[in-house]
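Handing you this structure, nothing more for now.
We just call them A, B, C and D in the order they show up, numbering each chain from 1.
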Amino acid sequence: MNRKLKMGMVGGGRGAFIGAVHRMAANLDGKIELVAGCFSSDPEKSRLSGEDFFLNPSRVYSSYQEMAQKEAALPEGERIDFVSIVVQNNMHFAVAKTFIEAGFHVICDKPMTFTVDEAVELRQIIKNSGQIFALTHNYTGYPMVKEAREWIKDGKLGQLLKVVVEYPQGYATESINGEEGKIANWRADPQVAGVSNCMGDIGTHAHNLVSYITGLEVEAMCAELTVFIPGRQLDDDGNVLVRYKGGVKGILYASQVSAGEENNLTIRVFGTQASLEWKQEHPNELAMKFANAPRKIYRRGNDYVGDTANRFTRIPFGHPEAFIEAFANIYLEVARAITDRIKGVDAGDYDFPNEDVGLDGMLFVDTVVKSSQSDQKWYPYPSM
Amino acid sequence: MNRKLKMGMVGGGRGAFIGAVHRMAANLDGKIELVAGCFSSDPEKSRLSGEDFFLNPSRVYSSYQEMAQKEAALPEGERIDFVSIVVQNNMHFAVAKTFIEAGFHVICDKPMTFTVDEAVELRQIIKNSGQIFALTHNYTGYPMVKEAREWIKDGKLGQLLKVVVEYPQGYATESINGEEGKIANWRADPQVAGVSNCMGDIGTHAHNLVSYITGLEVEAMCAELTVFIPGRQLDDDGNVLVRYKGGVKGILYASQVSAGEENNLTIRVFGTQASLEWKQEHPNELAMKFANAPRKIYRRGNDYVGDTANRFTRIPFGHPEAFIEAFANIYLEVARAITDRIKGVDAGDYDFPNEDVGLDGMLFVDTVVKSSQSDQKWYPYPSM
Amino acid sequence: MNRKLKMGMVGGGRGAFIGAVHRMAANLDGKIELVAGCFSSDPEKSRLSGEDFFLNPSRVYSSYQEMAQKEAALPEGERIDFVSIVVQNNMHFAVAKTFIEAGFHVICDKPMTFTVDEAVELRQIIKNSGQIFALTHNYTGYPMVKEAREWIKDGKLGQLLKVVVEYPQGYATESINGEEGKIANWRADPQVAGVSNCMGDIGTHAHNLVSYITGLEVEAMCAELTVFIPGRQLDDDGNVLVRYKGGVKGILYASQVSAGEENNLTIRVFGTQASLEWKQEHPNELAMKFANAPRKIYRRGNDYVGDTANRFTRIPFGHPEAFIEAFANIYLEVARAITDRIKGVDAGDYDFPNEDVGLDGMLFVDTVVKSSQSDQKWYPYPSM
Amino acid sequence: MNRKLKMGMVGGGRGAFIGAVHRMAANLDGKIELVAGCFSSDPEKSRLSGEDFFLNPSRVYSSYQEMAQKEAALPEGERIDFVSIVVQNNMHFAVAKTFIEAGFHVICDKPMTFTVDEAVELRQIIKNSGQIFALTHNYTGYPMVKEAREWIKDGKLGQLLKVVVEYPQGYATESINGEEGKIANWRADPQVAGVSNCMGDIGTHAHNLVSYITGLEVEAMCAELTVFIPGRQLDDDGNVLVRYKGGVKGILYASQVSAGEENNLTIRVFGTQASLEWKQEHPNELAMKFANAPRKIYRRGNDYVGDTANRFTRIPFGHPEAFIEAFANIYLEVARAITDRIKGVDAGDYDFPNEDVGLDGMLFVDTVVKSSQSDQKWYPYPSM
């Protein structure tokens, strides 16, 4: 096989933010081409979007069901190899199920589904199918996040004691003052977004980042979610104390009403030998701190950075890489897995968030909401 | 009256850290002179310390009781105007009570007392006496902390929504690994330190900083304190969710096992119009952030900074001021109050932490410990 | 016309760094497809590279002359629309001339040519041809660099007084110690690189950045270039005092022996009303500083940032963009110009470095080398 | 001897900035007391200043000559041990000479004198006298500056290659716009300040910092000084290329018209093994950078910092020290030297800027001005 992988897309038409990110992530490395799509539930908008992306009109579809069916009928090598799902949250389950069952691999924007039940069911469908499913918890694509994970695997921090992770944004502050911001308001609509806005949208990224870097599992949570924006039903801020298994303590918080914060996702992990700190807004640096030694600042792209991080690095040190490249690392890794599958190979070390991560994300949001509503101090975290 | 104020000191002999800081703070502005002291419960050590400070041997005492008595017997203008108390926590009450009752003003290192009951009693004694009592919650002495307080008073942040305050240190991490650090271990001894180590020592500073800057009062807390160091009884780490009156939400945490952190006290306050951020380790800057405008970085010493901050500023912008100057601002302000008192004046605007702040600090520590021990999610904060 | 633009590439085969960057930059936005190339002077390496990029073997050529000839013979819409030239410096002239004369638009890695004479000649050829020529002075593609340019155009800094620009790297430090670093050594070979290594490679970027942001023209320079690495002929460090027309003073320096620096390109421009500061390693921020007002930090992607910067912004604030996106902005803008040309449109506002910028870069390097060799304090800068 | 050292002061009356800094520096450690002074050429102002400082009126003098004479006539132990000279530049020579010749040690604000000739003469007078003379090049008092010096002495940077030192300020920008700033304008008056304003006031600090940290001696300089402020005679900006002995290259610049800069004195030293960076506005950190290893951030007060730095450290890590403490380190060290002298001891390792440093500072300013006026590219630096 010597060809680009063929990608389809559901959602992500003109004006949609996250669809554009997925396309850039797919384009970057020249290994994937977008060949088909159903970009909107509005057929005309879907058609125009297809034109924007220079697609053959015959492969721009009016419904995702039609797309799944017709693509499946195309000969191998012509039909799509996988689909990217970038529709609203409440549609994820149906679309993903349809394409998995039609025999396609799937990359899905998070959250995996609308409800925990759907997630449980979809995960089973995926596992039964043997298809590849990836969820774009894109922050795990940053090279220095992978470096952080390696440090902990290698014991460089010693025994873990504490984790502090935060994801403050400020864009919704304007809504408090009566102006609606430009970032999608459907996220605040429980019919579309699910049981949570802030925790579902960004808190879950914070949780996933802890999970990816440290491997820690939550034992119980003590949460307080708040709705600051008048007239809203879903949280726009949330603070959580976390007990991880093994006695590790944590703080996790997320906010959309922190004026002037943008995507200030920051994680600090403290161990008996050292601690680490990483900030998404300056993603090329990773700090290692010691109780009695000079701080060390590791910078992406250097020889002294580990092989895993360097495998996901495109350009040398000093020329920054950023969000799109990290997102593209998810695509790159899924592309490797799909290509291997086509070749009949299983390298066994694919590093992207899968359906288990997807279910865990749903459990996180569900538990944090229940904890917030509960008088019980420590709300137990369910096992998968 | 045209003379320096005369200061006595109890505690703070050779090798004691905080006593040296108090002396530098008192020295800096040339308005106070140390003239008497009982620097140690060991008379020989007290005597040698008196020599270090060039004191008249007749005014270096073997016990604080003797000191209070003999100083009170000296003529006005010769006897001390006030005493600085820098003994261990469990002695604060007795020493402060003695000097207040002997008619002296008091500057006391925090915490005010060993127990809440003592604090309640001492506060009453102070109020009855009419003497001046100041507690060195020194971080409130930083000019840009005062600027932050002014911003909130002036409504620049709009209605407050959320506060995040943290005080991580890492020095105790070595103790986890079996080595004892150089910072006083009596802080971990419940017989000396009280009911808490980490929260009592530094968590209370974080709480006080919120209180000073925002004026917010705690309604309830949900705390988890942890003892990570084997063999210890008192907390070396604590995480707290806070409900302030008026619907403001907060996170407060403190830690002594955060490897590589030093005194990384940081406060962020979020309002409907703007947010602020201040870091103790870079105290000359104060950031104001907006949902849709460029961040503004205010720097100490500039004309555009408010009068209150500038009143506590000694040198122009760009030449940093730091911890000792902030500490000295407490002394400077107490000296102003005492001088006014001597002159029979009451300016009414003295800006230093008093006995009410002292009691609140004791209540904070007591409540956070009780909350941590409780299964109740929201532990109510007592009124004074 | 509704199709992707078709790109050819000369140079940039397996293992070449800058060719890969050009391909990613071309790929990112899905508007350009690589369809042909001569990736190496070694035909087998060229062929294998063509496979890597999934090209039709019939369009992978053994020589750039063959490529130009055969592509020109293909029908419009099938043949390449433009070529990217990423060969070594001493080949730029010949390759660019060949493709321009064959009727193709050209994107060329910098420097434009090997000598000033070649640059003068090539510029004339380009102007006579009417073809589009772009030189990848990629740092001008950063949105906040464009914002900086707008500030100065809009007079926000007042009258300009001084510019400080620096580009320190450290990778060559290892060569001093006898180890050869991994970054291309041909840059130190005068037969390949030209009259300068450090100033030619990175100093010229610093100069271009000043020129782009401020519009200032150099009047005279006083340079000292140094060869620190034993056995080398070309500079690895250079310091320059600059006199710009209109009385503006400047410092420009570049270095490859600044241990621990990566690509720390930084520019500061000082005016009578304000100053600005931008750092390539944190490219999403641009600072505006005032003599007596709080500093303002502008961050990419916000509404308050100007239209020009926002036109070159792909994702919202807080999710960083970086080097590849900036590089892609050059491609995006050239693609717009070529597409307009195909459509018969001339928008007149294309924002990419052209042949005039290319010649100026050659003049800069030539003058800085001559200045360094001269005893004359102020070496005049030639007019174009 | 067990007493505080007795200090006199010439200059520094009400409203004078630098006199207040000297007094705080002297006060801080409780080892020095101000006992006498001639604070102004206006006797009434001098008298009032003496009251401000709680001095005995009999020791507040109307002229420095009277002061020198009368203090010398007092018995040892009562008369001043040393004098601090904080008058305007053009008076330094006369006052210093008077007190040296009267048998007193001297601490003098920089510059040492008004002219090079005076400096040569004063230096000889000092050396003949055997008295202690210290010049307050205060930035050398910062602990992490001392640490930097130790690194280079210990060879941690390898062989030095390059130095970049800068000292931009912005306060004079307002003067360009017709408003006079609050910082002393006599610095711009050649009758008072000398041959240079900006280079004399702050450029000389930058030069001294290089000299102190690296031990490098200047071989030749190529300078351009500029007067941007209309109507002024003396420079408010200057850029200098420097050749140090041993082949080390340098850039030094200083500016008072860099809007928004405060006292952004920054030094970077590059060697074959590592480089260092220190910024006066964040003085508690010192970075060590490597060509291929993580950056190390050293922070004041830690055990891993060297003994020299720690000897000048008053409070533990994390609680910042700043400008006044650094200034006080000069006083502390001079006090140690004077005390030893009184005791008849010579420790031989006193670490403060002396008359040789003072003369070098005058030579620097003189040479940089001559270089700027010269057409000669490399202006030789005189030997002392």
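Just so we're on the same page, contacts are C-beta pairs under 8 Å (C-beta built on N, C-alpha and C of every residue); 3 or more make two chains touch, one makes a residue touch a chain.
The structure presented is a predicted model; accordingly, all values stated were derived computationally and were not measured.
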Inset, instruction - Please work out which of B-C and A-C is bridged by more C-beta pairs in contact, and write that pair. - result: A-C
Legend entry - Relative to chain D, chain with the most remote C-alpha centre: A
Inset, instruction - Report the inter-chain centroid distance for chain B and chain C in whole angstrom, where each centroid is the mean of the CA atoms. - result: 55
Inset, instruction - Determine the centre-to-centre distance between chain A and chain C, using the mean Cα coordinates as centres, and give it in whole Å. - result: 34
Legend entry - Shared interface positions of chain A, touching two or more other chains: 261, 288, 292, 295, 299
Legend entry - Of chain C, residues touching chain D in the complex: 157-158, 161-162, 164, 166, 170-171, 173-174, 176-177, 181, 222, 224, 226, 228, 237, 239, 241, 243, 249-251, 253, 255, 257-261, 268, 270-275, 288-292, 295, 374-377
Inset, instruction - Under the touch definition given earlier, write down the residues of chain D that touch chain B in their complex. - result: 2-4, 17, 20-21, 23-24, 27-30, 34, 51, 53-54, 169, 183, 261-264, 280-284, 299, 301, 314-325
Legend entry - Residues on chain C engaged by chain B in the complex (per definition of touch): 288, 292-299, 302-304
